[in-house]
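Below you'll find a set of structures to go through.
Heads up, the next two complexes both have chain A, just with different partners, chain B and then chain C.
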Partner chain A sequence: MSLKLNLHTQSNVPLEMSCINPDAIQHLSQSGVERLEIIHGNDTAHLGDFFSVKGKGQETIHIEGDCAAIKYIGAGMSNGKVVVDGNVGMHLGCGMTGGQIIVNGNAGDWVGPEMSGGRIVINGNAGHMVGAAYRGHSAGVQGGEIFIHGNAKNEVGSAMRRGLIAIGGNAGDFTGVNLLAGSVIVLGEMGIRAGAGMKRGTIVSFSDTEVLPTFEFACTYHPVFLRFYLMHLRKNGFQIDDRFVNGRYDRWSGDSIELNRGELLIFKR
Partner chain B sequence: MTNELRITNGKVYDPANNIDGEVRDICIKDGRIVESVSDDAQKINAHGNVVMAGGVDIHCHIAGPKVNLARKLQPEDHRLDPHPATEHTRSGVGGVVPSTFATGYRYATLGYTTAFDAAVPPLAARHVLEELHDTPVIDKGYYAVLGNNIFLQQLIKEGRREELKQAIAWWLNACKGYTAKIVNPGGDEPWKGKKNSNVRDIDEKSDVFDISPRDIIDAFIDVATALGLPHPPHVHCNNLGHSGNFETTIETMKTAGDRRLHIAHIQFHSYAGKLGENPLSAGREIVEYVNDHPNISCDVGQVMFGKSTIMTADAPSAYMTRGYTHAKWINADTENESGCGVAPYNYQEHIYTNALQWAIGLEIFLLSKDPWRIVFSTDSPNGASFMSYPKLIKLLMDKNFRDEEISRVNQKAMNKSILRELKREYTLSEIAIITRAGPAKCLGLKNKGHLGVGADADITIYDEQEDKELMFNAPRYVIKSGQPVIADHEFTTDYYGKTIHIQPEFDKSIEASIRPFFDDYYSIRFDNYAVSDHYLHEHEFIDLKKK
Partner chain C sequence: MKINKTEIVDTFAEAFEMWGSRVIITADSMGWARAAALSMTGFATSVIRCKCEAAIECEIAREDTPDGRFGISVLLFTMSKSNMSARLVDRIGQCVMTCPTTACYNGLATDDVVPVGGRLRYFGDGYQISKQVEGRRLWRIPVMEGEFVVDESFGVQPAVGGGNLLIFGTNRSTTLRASLAAAEAMKEIAGVFLPFPQGVVRSGSKVGSKYKGLIASTNDAYCPTLRAFAPKTKIPDGIEAVYEIVVDGLDEECVAEAMRRGMHTAAEKGATLISAGNYGGDLGKYHFHLHKILNG
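Right after this comes the complex of A and B.
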């Protein structure tokens, strides 16, 4: 039996609820969960003021309702599972080190910033800065996986250091900006300036994209590793045609304003 | 309500008054230490506790544009270290460069009650004084960066020494500084004028003014002596961080002759070896010179491993650091007065140069024969944050701990250092000297750093513990100007300390010489430049006539 949280009152200002986290909840009684402190605008409130709580805290937390104004769900979690039926707000799973978050709805900006383990699955669209570094930090995602089945906005995987981000739809501008390592795979189209400032790592696009002049064409080939990555994504619900799995890709090396050891792989039609 | 306080049965360490661990009472009235108080006085039982004067930081960077640049440059550092408000204190953020409120409170939680910002261009004085006002608990002041001021260099070049004296006195009055700071003398204009240009030798004449760093240092020492400044010129020597720079440092000290001079963060200027190659230690050579010359004082500028932030008026040295980090950094220009560089940096145990820097600092401390003149600093946050002071104290007081740390760092560096051979352990009295009495004496602060009658009642009471890091990390009581700001490890009130400055006399006719320079070269009008007294808020000026 999982713990069920039903949103009964919409807040007119954002809520910050890093307490919705299996690490914090799984040993609490129902009343203990209701008394958990949350940030309501610039004040504090209790979780029970906005959610009805059913069941006993175990490894899975099931949330129902439109949580688009609720920030920091699953922040810092290290194990267990959070399932949200509805939209979620900003900073979902920020800094998480393990466990899984599944959102059956859309997510706000900053999905999984600076996470180092675990998996986030968004069965809808996501905002800006998916898997990004917070401003000022030199490294973003250090590990784990983020799967967005819909579209994502700008700066997907900004300064990512390790891990995998897959976008089923389109990605905005500056995809993989300042990428240090790791992989960003976009099944749809990317916006402008993909890979700007990247040092290492891989950005894959199934659609033609405008390559920055600081990238240099290397070759057209069939990257073996990519087949395994795409098979892995297929197993996780992404619709990937065989021609992408078996096809050839143009490899562009860059960004030459940095180390020039990154690669942009664009499907060769 | 009584304003009298008696601290009873504490083990008092007050080296300025030759008290070394004697159990006695300290009496306080109206913010000062007095002979006795009435029986109605509030009492603090300090039985089993160590009582010292509040700490005095002679060299740190806590306010002003460069500090704010460093804050803005590192939002990640702040995000990871929030400093929550309490019932009595305000909130802020910490990290290597804390916000203003957090800076004051965190100094207090280490038992420090006075701190001096070591480098402020006078043009930034208003900003600095406002920030210092917002830095709670501690008393504070700053050194005015004047060594590379173009107008003053012009006077030096033309040999107009009397006008130089009047101009420096005018400038210190105008900006409410405490003494003159000289940073990489002669280096600013070449750096600003030509890519990667700098002065490399103390006798090298700059293309711009045809004067050498030695000319500048000598002129400033002369003026400071003539004006009777409480603290001599505070000199950041040329060639900071370069292998072989110890010769420049010794030549800088020789320039003083028998006149007083303070060398800032001397560890960074104590490297042997060849330029462009790995440094070697010249800690022994440097400390022997300081030991033998009672006119010289210095602060060590110890490096501690972990995150730091290089912030300096020595723009070329920040540029050099940026070459190592390949990360974000800032270079800035302060018109006719100074340069500036900011670069986050991480000192790491396994890196040869960092480990050697750490060892050289400790060598200087441990070979020092006069703790009154070789005083405590990390050049916070350049060598490390001031929050690392307790660990540094433990390194000095505990040989076993030091050996453990030595075994963890780059062994190639340790093999180039004599640190392993040094058995010395600082006593509590010596710690009281290097962290309180010594800096206060170097600064000419007669009411600070000691617990004699008439002194400011800035007092720290520590639980006596075997582990000195724990002991100095969390004083049981911190009393500021007679008020217990921290009691039983908790803040009991908020308190805003005062700004300390000087007001040297000058001949008003010097303004006629300075004014045209402002008209021609400054972005601010002469009449708007001098800072009015209301920026000082609560303040104290040191009377230069009282010897």
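Right after this comes the complex of A and C.
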């Protein structure tokens, strides 16, 4: 039996609930969970003020309700699973090192910022800054996987150093901006200025995209490693046509204002 | 004991502890995957002079390979774990990386691993790229048609080398036909391979030699031409040829099952007598008693 949290009261101001985290909850009794302290606007409150709690702390936390105003769900978690049936707010899985978060709804901005392990799956759309570095920080995602089955907004994977981000729909502008390494795969369309300032790493697009003038065309080829990634994504519920697996890709190297060792792979139609 | 008219000698095959690895080679076509696999497993019949033993294990369906392309599984065994990395790096580097369209993946999920792509990557001269997915690290090494992709590490596990059968017959063609059929049947067992050409050996060896420096020499006891004067001849009346089938496997069970199938097939195809080679039981850890295998 998993621990079930049912949202019974919507807050007028955002809530910060980094305590919704298997590491923090799994050894607590039901009443212990209800007494967990959360941040309510500029004040503190208890989790039980907003959620009804059923079951005992287990490895899986099941949340029901529209949590679009709740921030930091699963922040810092290292194991277990959080499943949300509804929308979630900003900073989902911030800094997580392991475990899995599944959202059956939409997510706000800053999904999985600076995570270093585990997996986040959004079965809806996500906001800006998916898997990004916080402003002023040098590196974003350092490991793990973020799968967005819908669309994502601007700056997906900003300053990412390692790991995989896959967007099933479209991504906004500046996808992979300042990328240090790692892989960003967009199955739909990307906005402008993809890979601006990237040093290393891989950005893949299934659609034509405008390439910055600081990128140089290398060749059109069959990237074998990409088959490995695409089959991995298929196993995780992404619909990927065979022509993308077997097809050729234009390889652009950039960004020449940086190391010029990054790559933009664009499916050749 | 007999299978139909074929006599099964009450003896055992003596086999040794080795270290095994499984290499999955993929390519755009089965032809290229096979070309790489054949090249990689060339000159790998015996550790005595080849430093390793290797052969193709099986073809792999596209849906079962890591990158969804045509695949071939190769098994490669060495006498020590420390020797494995060098053998894999040599053979993958020279025979697979050089072969058009191929990629190379680890096929054993074990805790023990040895570096392979992690060493081959230096061929990339600084242009190599590492990728991590599904818990494995891949290396992308730029080559003149694109990239060669190889796993960072390959799993290794203790294995069994030197299981064997000796197939005796009344003439060369019948004995060879029976041996070849037995070898084909044995190759079908998952986890085993027959390192010699088509799985059949005509130059079985004994330990040592009258000449200094030779660690192995012809097995005079089984040479029909020496029957008249070899001191320990084991060629019965009416036998004109003996072939050996050497079988290596990832564990004892698969080697025993391959030997069981081999004996039944050889008997069915006209072998007169089936025996096995051993060194008195003192050298090898594994003893495969023929009667025990047949009795299940």
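The rule is short, and it goes like this: the second predicted complex is superposed on the first by the 269 of 269 C-alpha atoms of A that agree within 3 Å, B and C clash if a C-alpha of one lies under 4 Å from a C-alpha of the other, contacts with A are read in each partner's own complex, and residues count from 1 in each chain.
FYI, a contact is a pair of C-beta atoms (placed from the backbone, for glycine too) under 8 Å apart; a residue touches a chain by one contact, two chains touch by 3 or more.
What you are looking at is a predicted structure, and each value in this text was computed from that prediction instead of being measured.
Following the overlay on chain A, a side-by-side fit with no clash is recorded for the pair chain B and chain C. Touched residues of chain A, counted separately for chain B and chain C, are more numerous for C.
Within the superposed three-chain model, A:225 lies in touch with chain C and out of touch with chain B [touch as defined at top]. Residue contacts after overlaying the shared chain place A:135 against chain B, while chain C stays out of touching range. Of the two partner chains placed by the overlay, only chain C lies in contact with A:245; chain B stays clear of it. In the superposition on chain A, no contact is made by A:13 with either chain B or chain C. When the two complexes are overlaid on their common chain A, residue A:162 makes contact with chain C while staying clear of chain B.
The three-chain arrangement built by superposing both structures on chain A places chain B and chain C 110° apart around the Cα centre of chain A, to the nearest 10.
Touch criterion met: A:183 reaches chain C, while chain B stays clear of it.
Taken over all C-alpha pairs, chain B and chain C come no nearer than 20 Å in the superposed arrangement. Applying the stated touch rule to the two superposed structures, the chain B and chain C interfaces on chain A have no residue in common. Contacts from chain C toward chain A in the complex involve residues 28, 66-69, 103, 129, 131-134, 138, 140, 145-147, 149. Chain contact summary for the complex, chain B toward chain A: residues 73-77, 79, 327-328.
Listing the residues of chain A that touch chain C in their complex gives 143, 162-164, 183, 200, 202, 219, 221-225, 227-229, 231-232, 245. For chain A in complex with chain B, the residues that touch the partner chain are 134-138.
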